[in-house]
């Protein structure tokens, strides 16, 4: 077996521990954690790891979990937390704070819908709620990608041209509790990938206020600079991919992952494991002679508009599948991607799998069929995946 | 990615530039929090500290970006997260063993109310941090609303007829957490106060200091009388000046005279008490109750000596 | 406000649409001010809009507020950039920022203590108006001492300046529940001064928009320490100042001693430092430190706390230990003075003149210097060596003392011819008589003569029961001396009560402790005996209506009783003998004049001490002797008389000014006294004085800075620092909260309004 048979939750925990240890020659590692289904196993495993010069603080809420990360990151430590759903909602204030303070915190979300009514299963609504919080957002499609993304996230976040927190998303249960063989790299390799964190403005002995009062004109500048740092992420991420490939021997996925899209006349655009399902549906469609392709949006913030535009060029029909819904509007991804379609192209939104419904290839096939039957886009279609 | 540089201790502390609270800060004249900073500063000496300041007047004071009104590094946190953010700083300080003492400097809103959960949790975890609550008994930064530290009878912008409920006993709450050291200090008794700050800085584990900090704006009192008001609060027994070690050993540091004169003067010098119809008798009874309890907890029936 | 009134303004009202900008400081109520103005226009049926420029400002920081007025609904949601009216709540804000965007003819109303003088050349193009709203609001108690709230007052002035009728103002204040501020508004309405714009005068050029504002650092770029330094000194409306005030002890000292000064000098610098202060006014510290009734102690603010500071004992401590030489000034041409009388007043005058470097001759009728100190005060209270120690210091100045030399009126004329001035200080040689039958009986004796005989005449032996008549120090001295001379029983008969006895209270207590009986409210009406005194008939005296001195006039009743006794000492007080003043001369205010009435011409002869004033205590005599010497010297030099400005009551430090909580309760250190039984038969000094000078530590130092650091430690801003001679307040940052002054334990500081005009 190549690698260890572990869940994505555990993959994330191993990655965090490796990254944490890698900072033992720097200011160390400090994580604040709080349990919530379906991310709990990640924090549990992390709490059982031996991390040299590392601390995992078992706090009383997600709000405090992120607060501990903020304090630790401000002090120059590498940090980590993990959460889901209402936990992220409670944490939201500090999620914003970490980004606005430009702290390179890394967080993993095991995606889960918000309640009540209580529902522990996956959709992307919880992390998309944090869309505008100023974090880099990566959506994963398998366990190895989760592990690799967490490692990449540190290298990306801590780059002086970026200095932004990164959120690595993996759908609850679908990934979080699903065990597959996953390569867990050695500490030596990770040490080479992740040199000690050097936060330029870390709180040390110099009197200085981190987060002092902004006036309107300073906030305008600070937001603009934050936005510019986001724009630099694509370039830096390419360098991270190169370094990762050099040190660990495999290349992490691009911000946008096309599948048989080159000659496609219709595309299915989605995030996370829906895209894996879509790729299976594409294979089936291709077998039937349909020129269907898939595009997986892996990096949602910054939004890879240029890459998507390039892929959409010459494509007449685009289905955007959201495992989330912005109530009163439609799918969030659809809202952002549809404007990138060429003039005259049909960009139709479909919402499916909200609250954890099991989205299967036949659902994608139905979507593709609906798309082909259209001459123009209509209102988003809310589908039921069922159990 | 740039070359990683700093190793622990690489930024070895230059002597902390005095003063801790810099002149030219934005606090109101006569702010009790400013006075608390002066006392803290005197106790500090060359101790290396980092501050966490949750949303509050102190956060506004700390400095309009990019300036600093504090002579020590400070991290401004969200309102309810002071103790948790301080936890992060304190853990990393300990990991790096550089002797930095982390201080969370919060108002009563950030302590008694919105910050209670993170405060309680940090105390329960016995985090190595010093939590200072400067208590002006009001949400001063938002213009003067009631908090659970507002005393009964005080008029605030959202209790126009006077707050009906009694103030929380924050020290009892902290004692119930078996905090390593918890003390109330009086800005009118600076020797005792400086001693307590020093002791709190030198103790390892979770420590809590409570400072009654007059707010001339919210209390509607003369800015010049802030220290005198605290003196009267101590004399009348309204504000017990005590210290509690490990949640068990309670010592009364200043013996009140429980005089009606002090109580009446305390109330009459603040317009916030003038519309509530608060009676001295009711207050005196509440004071007597709380002191019976304090004496029982101190195991000392005989009053202690009085400091000027 | 929603009444559909026609949009008409009274004649003279401002043109519409109208934009108003209010400049103030946090806490002054700029937003309320702008709202109040809006109300005044809304009351007239106009459409208005009003808002503040909200920020995180605190008390004292500059803030702005805006009001718009129009005949139609106001849709403009921007700040006001081109105001027609400008209100400035604090004159210190009056700079180009305030005037920015204002066109010629705009109304500019400023709260200023300087009236229209606050405006300069650059304001000539505006319709300027000024009123001292701070003073008015302060008078009406609006706000606090540190932060006077001037908004409602200035709004009243605004109404007048722009022609809004008073009844509109009243309605507007009522709608805002600000009726209580109407009197202040009315005062400002009436007091505001207005000046019309000068045609053609330029207004300041518009402030150039900063082309490139300083680069804003990124959050992640901030690594440096950039101290915040807001100009908080400009926020304050009052300023602390270090200033001494007069302590009650100093104010009460008849000798004019700087009591706080010498006690604090003793505490901080020891005996020699204290002596330098004390000897400036006090030639007889060893004497006064024993016999002064110490009004300083009666006035001591500490007596309201834990007992007066034992100033008298401290004075004795200094006098007994100070060196034998006092400082003597050197003058190029010493003047010559003659002093007649070697008692306290004469010695004081001689000491003052000698210290000033002049030649002084003292003529004393008795065999030795000292006057009543030598003859009238018993040795157990004032041992001769204590007096001699003080005298030696006086003589060390070169004072020429001639004893046994009685001077008469002719002699005075002669002395006046031979000296630049003559000071007569002959004391009170005449004793008051008791007008009752039987005074010639053996055993009836004058008290002072008795005391002198005992002290200087080799002693006396008494026996039986001795009655002393009187209630002053002489009476008590006689009683205690009689005991020491062997009297079996001594009774003091006094016509008033215990509290009214002029004698030093502690002396009376000591006498009683030694066995002296007090028989109060009694007056002798007859002495009974046959050649020799056998008894005294005493009538009961009842207190009547108060006399001019406030004491109740005694009324002698006919209830009498006879007290058997063997001796009677009369101590009824003394009077002056003005026979020294040459015939035809008159005395006015301590100076002798030739002739009488308006035509009298001043002479170089002066009268000092009891002879002039009849005050009757050593310290009064010392004070008066020194002052007369000063006047005589000034007159001799042709200089104006030295000022003797008595500080006003507002300069005094009263108990209310003392912050008692600062001071630990420490009971007074008593002097060591010999046991009553042992001392009652001995002429050894009863009081052995203090064991140490720690009593000086009890002094509050009322009104005098002791460098106690309380101001420094209580300053919330940390802007008080030590300077060379005391403390300095950093004016650039002091917010004027007044904490230092409120916390000063001893009123060595005060708040002034001087900073208000900054």
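When the chains are written out, they are named A, B and C in that same order, and each has its own residue count from 1.
Simple rule for what comes next: a residue touches a chain if its C-beta (ideal position, glycine included) is under 8 Å from a C-beta of that chain, and two chains touch if they have at least 3 such contacts.
From a predicted model like this one, the values you see are computed outputs, not experimental measurements.
Visitor: By CA centroids, point me to the most central chain in this structure.
Guide: B
Visitor: Considering A-B alongside A-C, which chain pair is linked by more C-beta pairs in contact?
Guide: Ranking A-C and A-B by C-beta contacts puts A-B first.
Visitor: In whole angstrom, what separates the CA-based centres of subunit A and subunit B?
Guide: 41
Visitor: Approximately how many whole Å separate the CA-defined centres of subunit A and subunit C?
Guide: 78
Visitor: Hey, what residues on subunit C touch two or more of the other chains?
Guide: Within subunit C, residues 56, 219, 222, 224-227 contact more than one other chain.
Visitor: What positions in subunit B touch 2 or more of the other chains?
Guide: Residues 17, 60, 63-69 of subunit B touch two or more partner chains.
Visitor: Would you pick out the residues of subunit A that each touch at least 2 other chains?
Guide: 206-208, 210-211, 213, 215, 218, in rising order.
Visitor: Which stretch or stretches of subunit B touch subunit A in the complex?
Guide: Its residues touching subunit A are 1-8, 11-14, 16-17, 48, 50, 52, 59-60, 62-78, 80-81, 83-93, 95-96, 100, 117-118, 120-121, 124-125.
Visitor: Which positions of subunit A touch subunit C when the two form their complex?
Guide: 100-102, 163, 200-201, 206-208, 210-211, 213, 215, 217-218, 221-222, 225-226
Visitor: Show which residues of subunit C lie in contact with subunit B when the two form their complex.
Guide: 26-27, 56-61, 144-147, 217, 219, 222, 224-232, 235-236, 661-664, 713-719, 730, 732-733, 735-739, 741-743, 751
Visitor: Which subunit C residues qualify as touching subunit A in the complex?
Guide: 55-56, 213, 216, 218-227
Visitor: Give every residue of subunit A touching subunit B within the complex, in rising order.
Guide: 25-28, 30, 32, 53-55, 57-61, 63-77, 79, 93-94, 97, 155, 158-160, 195-198, 203-215, 218, 239
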